[in-house]
């Protein structure tokens, strides 16, 4: 296993295209209204706007929507570090919902903690954002992913 | 803490109404197309049909949708055992995605493992179903919930 | 992946020997005073007696000791279903501590929920027992394990 | 809930004494040979030396010992931020074992991510250390704790 690379550098155009293409095939992300806002090696950002269609019973963003974008951000963060004939599957994740997701939108950030030959572990963070105000950490999680060789399938 | 009650008995009409009313206020559940199919004391079933809008990149039901209905089933399972001036919030959950969710629909079952004064722990199971075939366990998880007194807010 | 087998049948003498031999090489289990009390296909039981050396600050069995025997029970439950040139490593686990472990001893039960080619998922249960009284569920968890081919190392 | 405070400042003598006194009453920590090496507000470090008594079947430090010190570090990290009539209990934790714990000793670091009125969430990190070499991240986890008012008991 190797430590996660420096996340300041830009991902290659090829990696960004692979991540975006896969994301665009996810019917759920389009249906929720989520979009990718950042792709660097070992880190992916996804933003989801607050609206009726993603709400829970009190009007805040539903924990299920929060988790769905967090899980997706972690999965694509892992994928940025894989060779191009590999795909990624979520093995499991654990997420704490820390505060109600109050704001205009949430931003999920998936970050690779450890990238191994078979398994990758990511940290998941979700912030609620409001224009003109700061951001609040609303969810924090940890995820295990497995690399799948697509050429062998 | 007390052991979870016998889940064979029917929940009272009052409990079923409270759960269904809360569920109906969740914009996300309607947007995904999920519906409650069973409410007994300490256990709730939710069914979600497979369609483009809840898919991941290979066409199966997205882990995020699977998790969202599992989390919701567990939350309402906890709520069935609360007094009527209480609401429930998910503290955290962990879920393993065991197999691709291949089938016509999935059924999430939330079951109370331990119901305490403040915290409740639930088991989460999700099965993929196909007409004329059996069911396959596609996700298995564990969830912690907290009781919130709504009359005090 | 295949469903876990019927856990009523006895494990073969060969499997029981492999599990017991590996357990006997774990310095920690001897140091804590833990012992295996049951090995069936897909399920292993471990008992740990309450004493000063495994206590937390209030005198109950320490959550760390509870988790250690639960993790070990799950690992060997997975191993019972592997070919004999394979070993098992814990990828991760999540455990809820439900009640103080009050009693003469605890019994941890690891049970395979899903046994795959690479990954296995187990349910972890820990009960506190007291002579002449019943048992209390004190911890409940879920664990992911990976199969390692020892002949290839 | 409030963000965790700056962890650079020293914890007060009163807080350090409370944490150390509680730790000294844990029979398990003494039995394993663990000791506290750092207490700052919202963060606690615990070191455990490698020896036969804490080993698994291949001679590395047992995941159960790794988890026990990680759980304990997180619990005391939470306690550093509580009023002095409060105690802490672990609700649950999840931990990924990333690499074999090869080295002379491990260091577990518990850090408060979010400190709420009832619940606290901590990040758990465990490093393997070897004299003259660097450190390796061997485990990474996330923990939920509950505050208990001891004066009310």
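Order of writing sets the labels: A, B, C and D. Residues in every chain begin at 1.
As a working rule, a residue touches a chain if its C-beta (ideal position, glycine included) is under 8 Å from a C-beta of that chain, and two chains touch if they have at least 3 such contacts.
What you are looking at is a predicted structure, and each value in this text was computed from that prediction instead of being measured.
Looking at B-D and A-D, which one has the bigger number of contacting C-beta pairs?
Looking at contacts between chains, A-D has the larger number.
Distance-wise, how many Å sit between the C-alpha centres of subunit A and subunit D, to the nearest whole number?
For subunit A versus subunit D, the centre distance works out to 28 Å.
What whole-Å value do you get for the distance between subunit C and subunit D if each is reduced to the mean of its CA atoms?
The mean C-alpha positions of subunit C and subunit D differ by 23 Å.
Give, as an integer number of Å, the spacing between the C-alpha centres of subunit D and subunit B.
33
Where in subunit B do residues touch two or more of the other chains?
As it turns out, subunit B has residues touching two or more other chains at 91-92, 94, 96, 144.
Draw the chains as dots and join the ones that touch; what shape do you get: line, ring, star, complete or other?
Graph shape here is complete: every pair of chains touches.
Contact residues on subunit C for subunit A in the complex?
For this pair, the touching residues of subunit C are 91-92, 94, 118-119, 144, 146.
Which residues of subunit C touch subunit D in their complex?
22-23, 25-32, 51-58, 62-65, 67-69, 71-72, 89-97
If you look only at subunit C, which of its residues touch subunit B in the complex?
1, 3, 94, 96, 98-99, 113-114, 116, 121, 123, 137, 140-142, 144
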